[in-house]
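Several structures are given next for inspection.
The same chain A turns up in both complexes below, where it pairs with chain B and then with chain C.
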Partner chain A sequence: MDIIVCVKQIPDPEIPPSKFKLDIESKKVVPPEGIPPVMNPYDEQAVELALRLKDKYGGKITVLTLGSEATSSIAKHALAMGADEGIVITNKAFEDSDSFSKAYILSQAIKKVGDYDLVLCGRQAADWDEGLVGSIIAENLGLPLVTLAEAVDVANGKLKVKRVILDGYQVFTVPIPAVVTVSNEVGRPRLPSGWGIISASQKQIPVWSVDDIEADSSKTGASAARRKLVKLFIPERERKCEIIERETTAEASIELVDTLIKAGAI
Partner chain B sequence: MDFELTEEQRMFHDMARKFAEQEILPTLKENERQEKFDPGIIKKMASQGLLAPHMPKEYGGLGLDYITSAIIWEQLCGASLSVTQAAVSGPIQPATNLLDAGTEEQKKKYLPPVCKGESIMSGAVVEPTAGSDSSMIETVARRSGNRWIINGTKIFITNGEIADVVLFIAQTDKSKGLKGLASFIVERDTPGFSSTPLKGKISWRGGSEGTLRFTDMELPLENQVGEIGGALRDALRGIDTARLFLAAGAVGLAQSCLEASIKYAKERVQFGKPIGGHQLIQEIIAKMATKVDAARWLTYRAADLKSRGIRHIKEMSYAKYFSTEAALWIASQAVKIHGSFGTIDDYPVGHHYQDAITATILGGTAQMHQLTIGQQLLEMAAFR
Partner chain C sequence: MKQIFDAIVVGAGPAGCACSFTMAKAGLKTLLVERGKFPGAKNMWGGVFYGPTLNQLFPSFWQEAPVERYIKRHRLSLLTKDASLSAEFTAKKFGKVPYNGFSLFRAKFDRWFAAKAEQAGAILASGLQADDLLWDGNRVAGIKAGGDELPSSAVIACDGVNSFLSEKAGLRDKLSPRDMKQGVKEVIHLPRNLIELRFNLSGEEGIAWEFIGSFTRGIPGGAFIYTNKESLSIGVVVQLSTLAENKIEANDLLEEFKQHSEVATYLAGGKLLEYSAHLIPVAGSAMMPALYTDGFLVAGDAAAFTLTTGLTLEGANFAIASGLAAAETVIRSKQIGDFSQKSLSYYPELLKKSFVLKDLKTFKKAPHFLENPRIYSLYPEIACDLAEKIFTNDGKPRRKIWKLLRKSMERKISFWQVFRDLKKIKKAL
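After this line comes the complex of A and B, so read on.
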């Protein structure tokens, strides 16, 4: 089974809050100094799911990442985990694209890759948590979509997708090819192996630009964005501690519940 | 000169660190309490490609240079130096020794299973009366027809209790002193071979050592490794790699102590502010960080010389001596910064503190390395 996985590079979500800085003017997150960005954890789980399918059915895994050439380290991480090919898509015209444009660019790249049975994306990117790109890719390519997958298998020539819901799961069968977004219930992604790292670091990562994927650059970048970010700021949090003292515990409990209701906490 | 890690080194760094967090840390506390080493970690490291980074690919290693290998060892030992040492010591000390001194047949037979984690190998030099001074080795190898008959005892042998195969040194002719020493290889099921585990340790409790006894143990002639008289020189080649491992491991241990101390010093509030805000604590942190950095670059420099095949006796001694002594000081300061909490095994610093003292002893004591450096600089030996 041939699989395309879309992966994104994000600032390391494990950084201490003190290192998280914003540039209010440009409305951007300032990359923390000395802490390299990482692959979005949900995307890493998408790679893991792809590898499980490859372990079972064979085939080829192609990883697509949209960003700068520096993003090739993310593609290499996926190769070291066991993916077969990594491609970076980058161009000035793609900078500051919104989710809609990003999905457009990725859809064009997927068309260029050509043969595939399945496109996997993480359920959302852990930086902005929008969770739009996978769904829009499916729309652009006219393919069936299942979101929040925990497992994918093949049965009778179709994909069988286990989808996470609150307190349980659903099982869908969808024709091949399809787009599936992957949830964290997939479990811990495998670590790259030593042999994987050696072979990945020797590989060249091809870089695709506007022309390579026949993209219309008027549909990308800040000018094509369908919505504008108005303000970006770290909210100031005020902490207040109120101690409720009453004659009896029962009275104090009632007062506590009333206070919480008034504060909208329960 | 370039002080940046390559992309490949960065990937190994990150992978080894995550592996250590996922596979070593979760069981460390319980295993140390029980003085237990779980050999399962050897297979896990092997399947991850972490067991024998420095060994050639044809014998089951990754064929990496020594800086990259040191980066891997540093990260693994950031979780536990003793557990990592027990896991990787076969491919490090006896295997590099065999790689240099063994016949092609011996290498093909023993090295791939050791590098793939299918067989555990020990290297046995030290005896009750022969520690730093190998001329005192009393294990005797007596030639009888087409056999060697071996009698003797080896102590403090890493994995001595669980090894499948042991590369050891014995005396073939006492009158020849060091020139009479020869190396041999023995498999556990050989009659006359027995072992007992070492228990009651106050340090290195996650590791694994044992005592070996050879009683009228018969070996075929082809089990001799290298030439008679060359055993110590051959063993020192393996020990050189073990020294690099210990230097790198001490850096990992020290880095972990530094990170834990910085974190704790920011969180723990006394006298109205985080303790890190007190100047005396900042002095300790500054000294720790400077020593970690110095130890790391001494280690990488020795590793670089070793990779390039340049003579590096003095530089390896600088690295092993300085890194392990710095790690011991840093670990002790880290415990103090943690106060009483540092003395219980819920925090990483307590584990490291226990291990750090032993790191200064095996692979050559601090004094042996000082004497080696002195000998190199003064062109005079002061060992005896």
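After this line comes the complex of A and C, so read on.
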């Protein structure tokens, strides 16, 4: 079974809060200096699910990711886990694309890869938590879609997908090819093996540009986005400690109540 | 895909990167294994890096390597609870190429250095931990990592102070807390212009400021402040065993140090960016493991190549130099097709010729001498007390400095004891 997995790079969620910075002006997250991005953990689980299918049925796993050439380390991580090929799609024109544009770019890249039986995405990216791209890819490619999958199997030439719902499961069958978004119930992704890391480190990651995937530039970038981010901010939180000392407890209590009323707390 | 490497280097720090770079450049099939997600990921080091050895490898490296500031000023302060006495040295020479030292962050620097090794042809495997050695009889024949066996003609352990591999190779016992210092460090953000104003620096100049005194409560050790581009590295380094015996936490000492009136003014308004802790091997030649066995070499911190003179604590340049010597040894072994213990004995020969073992021999007695608690409390006290007597104008007739010194020492220490300590200084330093 040939599988395409779409993976995203996100800022390392393990960085200390002090390294997380917003640029209020440009409404963007400032990449933490000196700490490389990592693969979105949900996408890592999508790679894991793909590998389980490969272990059982054989085939080829291709990993697609949007970003810069530096993003190749994300693709290489998937290769180290056992994926066969990684492709980075990059272009200045893609910058500031919204979920629709990103899904469009990935759909074009999927078309270029050509042969596939299944497209896997993580359920959402752990940076903005929108969870849109997988669904829009299915729409773009006119393919059946199952979201929040815990397991995928093959039965009678169809895909059997176990979908997580509150307190239970749904099991669907869908024709091949299909798009499935993968939930965290898949469990821990495998650790890369020694030889896996070594061979991934030596592999070249092809970089595709807008021309390689015949993308219509009017559908990508900031200008194609139909919604506009007007504000991005972390609410200011102030902590203050004031000790109220009065002769008697009663006096202190009254003062406390007054202070709380003044502060608008009660 | 499976292959046999000429050399596997474990640990992509300065020793490992220098070693891999040199071997790969000479055409050896070299694998550089790093357990962190990327080289430098596991590193908290933010100190002064002395450049000459690296400058030989990459002339004018500071133009491309991620350095913070070049060290123009060196300052030493003796602190008591409410006084301080400082000496500063600066030279025009330190402000010109090839600069003497740099402040830098190893998290960035190691990535740059490892990329150099990769460009030279070494294979960098990040996120891979060496779990064990691979043996062929009594010969080290590779490593086990990530569930796989990775064979090689030589393994070079550059895996840091707790070198697990040299222990596995039977070259050393577990380390004793007496041989180690614990370092705790904070990185504090301060705007560039404030750093330059407060520390009297301009442009890319930096200061390395060392402290000894009351804040370590008599525990052998000291504190430091180094200036980075837009932050300060501030920390204390204290002997681990005494710390444990007295049930004192190193971070309490750091807090005490930060609150000292002389120090606090320099930090005011700063924002804490990160906190970290690390062990530093300080016993010098006394704790050095055997440096090689069949198919196996140890370099850098793993070999305890750290120099403590009391005023400076150097490791990175020793690491690079030992990494280079290890590389040269393996290249030679490859040429003659012999990786046996006998062939690898070329390694200590090279180290003896370089500054690595020479410096460590010169300062062989320093680590023991520096355990003397008087250095950390009594002498700073006497010095500050004397200075106070000299500078105080209390309206009474002045006395000679010699008499003041006698007064400062009264009931604290005898001249005979000071004389004995001075004799020890002469021997050790």
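As a working rule, the second predicted complex is superposed on the first by the 236 of 266 C-alpha atoms of A that agree within 3 Å, B and C clash if a C-alpha of one lies under 4 Å from a C-alpha of the other, contacts with A are read in each partner's own complex, and residues count from 1 in each chain.
As a convention for this text, a residue touches a chain if its C-beta (ideal position, glycine included) is under 8 Å from a C-beta of that chain, and two chains touch if they have at least 3 such contacts.
Treat the numbers as computed from the prediction; the structure is a model and nothing was measured.
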Combined model on chain A where chain B meets chain C, clash or fit: clash
First, second, both or neither for A:G34, with chain B first and chain C second: second
Touched partner set for A:K111, first chain B, second chain C, both or neither: neither
Touching partner for A:K19 - first (chain B), second (chain C), both, neither: second
Partner chain(s) touched by A:S201 [first = chain B, second = chain C, both, neither]: both
Contacts of A:L191 with chain B and chain C, given as first, second, both or neither: both
Which superposed partner A:K56 touches (first chain B, second chain C, both, neither): neither
Which of chain B and chain C A:R246 touches, first, second, both or neither: neither
Partner chain in contact with A:K92 - chain B first, chain C second, else both or neither: neither
Clashing chain B stretch [against chain C; choices 170-178, 224-232 or 278-286]: 278-286
Touching both chain B and chain C, residues of chain A: 36, 77, 80, 191-198, 201
Chain B - residues contacting chain A, complex: 6-8, 10-12, 15, 18-19, 22, 47-50, 53, 62, 64
For the chain C and chain A complex, residues of the former touching the latter: 1-2, 31, 37-38, 40, 105, 107-108, 111, 123-128, 144-150, 271-274
Contacting residues of chain A [partner chain B, same complex]: 36, 73, 76-77, 80, 188, 191-198, 200-201
Sites on chain A touched by chain C in the complex: 16, 18-19, 34-36, 38, 77, 80, 191-199, 201-202
